[in-house]
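A, B, C and D label the chains in the order they appear, each numbered from 1.
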Amino acid sequence: MIVVMKPGATQAEINAVIQRAEGLGVKTHPIYGDNRTVIALVGDLTRISREAFNAMDGVHETVRIQEPYKLSSRTAHPHDTIIEVMGVKIGGPEVVVMAGPCSVESRAQIIEAAIGVKEAGAKILRGGAFKPRTSPYSFQGLGVKGLEYLAEAREVTGLPIITEVTTVETLPIVAEYADILQIGARNMQNYGLLHAVGKVQRPVMLKRGMSGTVEELLMCAEYIVSNGNYNVMVCERGIRTYETSTRNTFDLNAVPVLKQRSHLPVVADPSHGTGYREYVPAMSRAAVAAGADALILEIHPDPDNAVSDGRQSLDLKEFADLMTSLRRIAAALDRSVAPAQPAPLATVAPAPLVKAIA
Amino acid sequence: MIVVMKPGATQAEINAVIQRAEGLGVKTHPIYGDNRTVIALVGDLTRISREAFNAMDGVHETVRIQEPYKLSSRTAHPHDTIIEVMGVKIGGPEVVVMAGPCSVESRAQIIEAAIGVKEAGAKILRGGAFKPRTSPYSFQGLGVKGLEYLAEAREVTGLPIITEVTTVETLPIVAEYADILQIGARNMQNYGLLHAVGKVQRPVMLKRGMSGTVEELLMCAEYIVSNGNYNVMVCERGIRTYETSTRNTFDLNAVPVLKQRSHLPVVADPSHGTGYREYVPAMSRAAVAAGADALILEIHPDPDNAVSDGRQSLDLKEFADLMTSLRRIAAALDRSVAPAQPAPLATVAPAPLVKAIA
Amino acid sequence: MIVVMKPGATQAEINAVIQRAEGLGVKTHPIYGDNRTVIALVGDLTRISREAFNAMDGVHETVRIQEPYKLSSRTAHPHDTIIEVMGVKIGGPEVVVMAGPCSVESRAQIIEAAIGVKEAGAKILRGGAFKPRTSPYSFQGLGVKGLEYLAEAREVTGLPIITEVTTVETLPIVAEYADILQIGARNMQNYGLLHAVGKVQRPVMLKRGMSGTVEELLMCAEYIVSNGNYNVMVCERGIRTYETSTRNTFDLNAVPVLKQRSHLPVVADPSHGTGYREYVPAMSRAAVAAGADALILEIHPDPDNAVSDGRQSLDLKEFADLMTSLRRIAAALDRSVAPAQPAPLATVAPAPLVKAIA
Amino acid sequence: MIVVMKPGATQAEINAVIQRAEGLGVKTHPIYGDNRTVIALVGDLTRISREAFNAMDGVHETVRIQEPYKLSSRTAHPHDTIIEVMGVKIGGPEVVVMAGPCSVESRAQIIEAAIGVKEAGAKILRGGAFKPRTSPYSFQGLGVKGLEYLAEAREVTGLPIITEVTTVETLPIVAEYADILQIGARNMQNYGLLHAVGKVQRPVMLKRGMSGTVEELLMCAEYIVSNGNYNVMVCERGIRTYETSTRNTFDLNAVPVLKQRSHLPVVADPSHGTGYREYVPAMSRAAVAAGADALILEIHPDPDNAVSDGRQSLDLKEFADLMTSLRRIAAALDRSVAPAQPAPLATVAPAPLVKAIA
């Protein structure tokens, strides 16, 4: 950390800074310039607050040199973390595709979606049971019923499921059903929730907040990891800017930045990132080309009749086409995307399914 | 709502939109232009989701005409809401000043601060006991101990207290001590928490999220109000933009916008809004001039040694000077700010205080 | 300047940085930490580019400590600059109000506006003759004809005029008519134009670009000042953010920040800043309270029929009312706004005016 | 266009809107809702200003339905525009790579760079002679000398050159040397310059401004096209947001959005977009995957000693490696990137080069 003094700072003010720093066990190196003095602080600063210095008399500002996160940092942990969920490895050479509807709407809908995305090559099923919604008057999700339907879809297809947890109170029930817990953008800095999922033995996908920086995203991951849960993946899903031609500004740059700074797997969400289904294929390809370890995509058997986010959902045919092109992009980078597996499922699944629904 | 069709939309696609809208009990008015068709929807649309139409084939976009909030809207409730807390009225002709430290650090600190701000004319004491912090390694607040100290400070000064609640689990204990519950910027869209404070009989101050729009802020207020708690005030505290000369971009424009659209009292927080104590006086005066009903200010007896936010805290002398100038601004608008009351407190308070601490 | 090396930087890389810096006549102070080395550079760095160091092997980043502008800086020039135009002083105790229509539309319109704003207490007349417009199909201003009408309005009222110059080619003709040259937001970084107005003996009002930082605004002022024209005032007019309830986000915080960093007079433009006439009065009052030296306001005798920016223009009655309240705010700050002077003008002006138009 | 009236708008106000619209030759369809009235305007609205209606009494806002640009729009011109420069086709199946240094620094530097980028497969040489710089104290480019060196580099390599034009006065000389004129981000809305390049017979690459929307970018392209120059390509180069881990936020989403809305070729600039050389390869691959028609990249024979933008420049070896991977990505999309051609140039070029420099 560098403490930058104001132009006319007195020697007494400079000494006060030095004294406080050394009282905290840190070495100081004052440098006297023509116009101002700066004081370099050297040592372990992770637990030393910049605020303590920012507020002192004669201090203009402080400049951080080291990263404020530790366990999430690649400096501390140079090798890529690989998270394994029911045999699916996220963070390795395979680019994993998670797909499914925004909301679980019915048993039939989620099972149809699950079969469809599995046939096209998806390895994980997404679907929301507890939905955080901007309007109190909107559909808020099926809740536990939705979790049960997801579990059925998992049974039918063998796909692990990822679903959002929005509160500490519902965490136990969501963790009982989910294979991966999703923390949504609005909850990125819900520290109570981060703390709680840090205590649970379930992989977590943490989404970047709408105005979260890359650094803040990693600080939030640090909340989870420092509570004992190392299986965290971080997800770029679009940030808020002045541009309105897309719903959010999908900040794909975050992918190489995150890969450089952290060892955690990086997921990209072009559906929320762009908000329009016509831009999802191009930006999915771009995300793979940028180095994402996984994609999470909104797919709906009938987007026109989706209860939520239909505008950004692909139908099953569009998804299958996209997967074909993703395989080619991944191959061009010496990575892979799982192959389509249409036939077996189509013939096997219907039977138990019809029974289950009936 | 206006549904805008794509240039080449077919009559079948147009009919599908009309059919769906009428199925939802809404009247439709299609208008056929040279290049495209638009369909106006007329009726009660509060519970009708734009998403349902956005996703339909042939639809380019939908445009909302009506406000999506109802109970918080001035259209529904033309008169200013006035919230009364221990005799202090927020939303009326008096501009109420809430002041105190970012964090409660000790019994002595909060009591000294409380006496100081009361003497200068503050009507409400602020202080954080549960602190949401960016880093898991930072001071997280004194918790319940902090609430107890706040209660003592209230007893000594007679000032009602406002303090932040960060989780549903700690809501009961915070509500037991607090006179006003603060929902912080990071939790603006923590719907679980909004729902919970909507069920509690305590006034709530809801802060705008770092990337929240004015409309979203009112939607979040709607979550609280629609759960039965009508005593909600909304607070502008700075938004995130590209500018770095201030910690946030304090968006004072939100004050007249909120006053126009909603009947809820509007609070301004120039301390977080600017992040630097040297800009707080000018922007406090500006906030009163812009029409804010209340200010919330960070004040610390010794900002240089504050545990958090010292850089943006005024000391007691600076605060008293600011209050003097605020009184003049308020008077220029035919409003008022409470007068200073230095003598009585200074002589009365010390005695019980020494006793209480010993 | 601080050069921050990457964690694993070699001694050779560190030496290369030191050598380059010393070759540029600057002293170096390397500080060896546990994880990384930083090198402080001390001396006159105004002409030394950070880029030269940013790109070197082993360098992580550079951090600037000194301000990059010199002549515009308050450090270099502690006293407020006061600009005098036809006897009107901008930057002193009086808060000067500049007012008039967005575009000069006709001789009658600008003369009516000029008389109206003068009667209400405005000291400078604004009006656009050359208009930069987003659409090539929009009205682009009356050009030289507009300048002539402005000159007539000046003759009738005695008000100095401010008008925008958009290109180097039209600068001579605009400078012939204008008392103050306005550089618009879109041209803040049009360095050719800044260079040219720096050579002209006319005061300049430089508007902040839609995504300009305060620092960039002062760097652009530096372009003008360093070319010899010291009569520069800087103007906050709203920045681009994600918020859409106002046309721009009027960043009033820039007023105290600019006053602290620079000695140049600071103007505020609440009309463009908010974009809606209903918010202009509150934000004008706030701008005065925040410490602006001048306001520039869009006023139109008939806003409903304005060719441009009618939505954000006040009519003459609204303007006169606003001026009344601004006087009270200014007085509360021990500043002043010029009094209304209705009677004399009303009886004197018409005669020559009728003649001039006929 | 939809004119949305305020809730309490009177019938007289509604009639005034209708009358004005019909006076402009446009048909009107008023729709009377429960709370408010909206009036749809149908007909050719390109030359009708929303402002004229925005400002009318009783009007809340206007909503545009049609795109405000015409000649640049894909609706008007469904087929991709292909721009040909010295045999190189931009906008067709080949993804064209433009590469070279930020600034032309010397004859030797630009010729070395030109040979290097040609060998790696670049088809166009970039290099700045007139440089717009944030600080008046920074290197401002070699000017005409720089153009001459570029011309020499073209002679040696056969590569067409793209270089920036910053003012109307220097346009004739720049157009004499350049094969493609670049309009930089800061000049996107310099309408005088846009107008002037619209009259010149040279292809233009127009960069998106730092806070330009996609729509504004196309409006600025419209300025050029509507002046007669149809050879315009638009370039995404990063926008300004709150995120600081990259120099700008490279908004790759603009690529599919621009391709959908316009027929003009789309160029991507990952060098300025990210600002850090370590992110350029990933984002270049992503840009190709997102559908860009061309890339423009900063390459320097010796980035550590570059006069400007070294931090974001690749060296020749890194560039050659990147080109190899781009070829694979392009192939995965059934497009192509030109092959490397190392041998011939390496043996042929040196001889005349030594002579030319001596």
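Note that a residue touches a chain if its C-beta (ideal position, glycine included) is under 8 Å from a C-beta of that chain, and two chains touch if they have at least 3 such contacts.
These figures come from a predicted structure and were not determined experimentally.
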Next on the checklist: From the centre of subunit A, which other chain's Cα mean sits the farthest off?
Outcome noted: C
Next on the checklist: Between B-C and B-D, which chain pair shares more contacting C-beta pairs?
Outcome noted: B-C
Item to check | Distance from the mean Cα position of subunit D to that of subunit B, given in whole angstrom | outcome: 41
Checklist outcome for this item: Taking each chain's mean CA coordinate, subunit C and subunit D are separated, in whole Å, by 28
Checklist outcome for this item: dist(centroid_CA(subunit B), centroid_CA(subunit C)) in Å evaluates to 32
Checklist outcome for this item: Touching two or more other chains in subunit B are residues 211, 240-242, 244
Checklist outcome for this item: Residue set of subunit B touching subunit C in the complex reads 211, 213-215, 239, 241-246, 249-257, 260, 273-274, 278-279, 282-283, 285-291, 325, 328-329, 331-333
Checklist entry - Hey, which residues of subunit D end up touching subunit B in the complex? => result 2, 4, 7, 29, 31-36, 38, 40, 42-44, 63, 65-66, 75, 240-242, 244
Next on the checklist: Taking the touch rule as given, give the residues of subunit B at its contact with subunit A in the complex, in rising order.
Outcome noted: 46-47, 49, 51-52, 54-57, 68, 132-139, 166-169, 186-187, 189-192, 209-211, 216, 219, 222-223, 226-227, 240, 303-311, 313
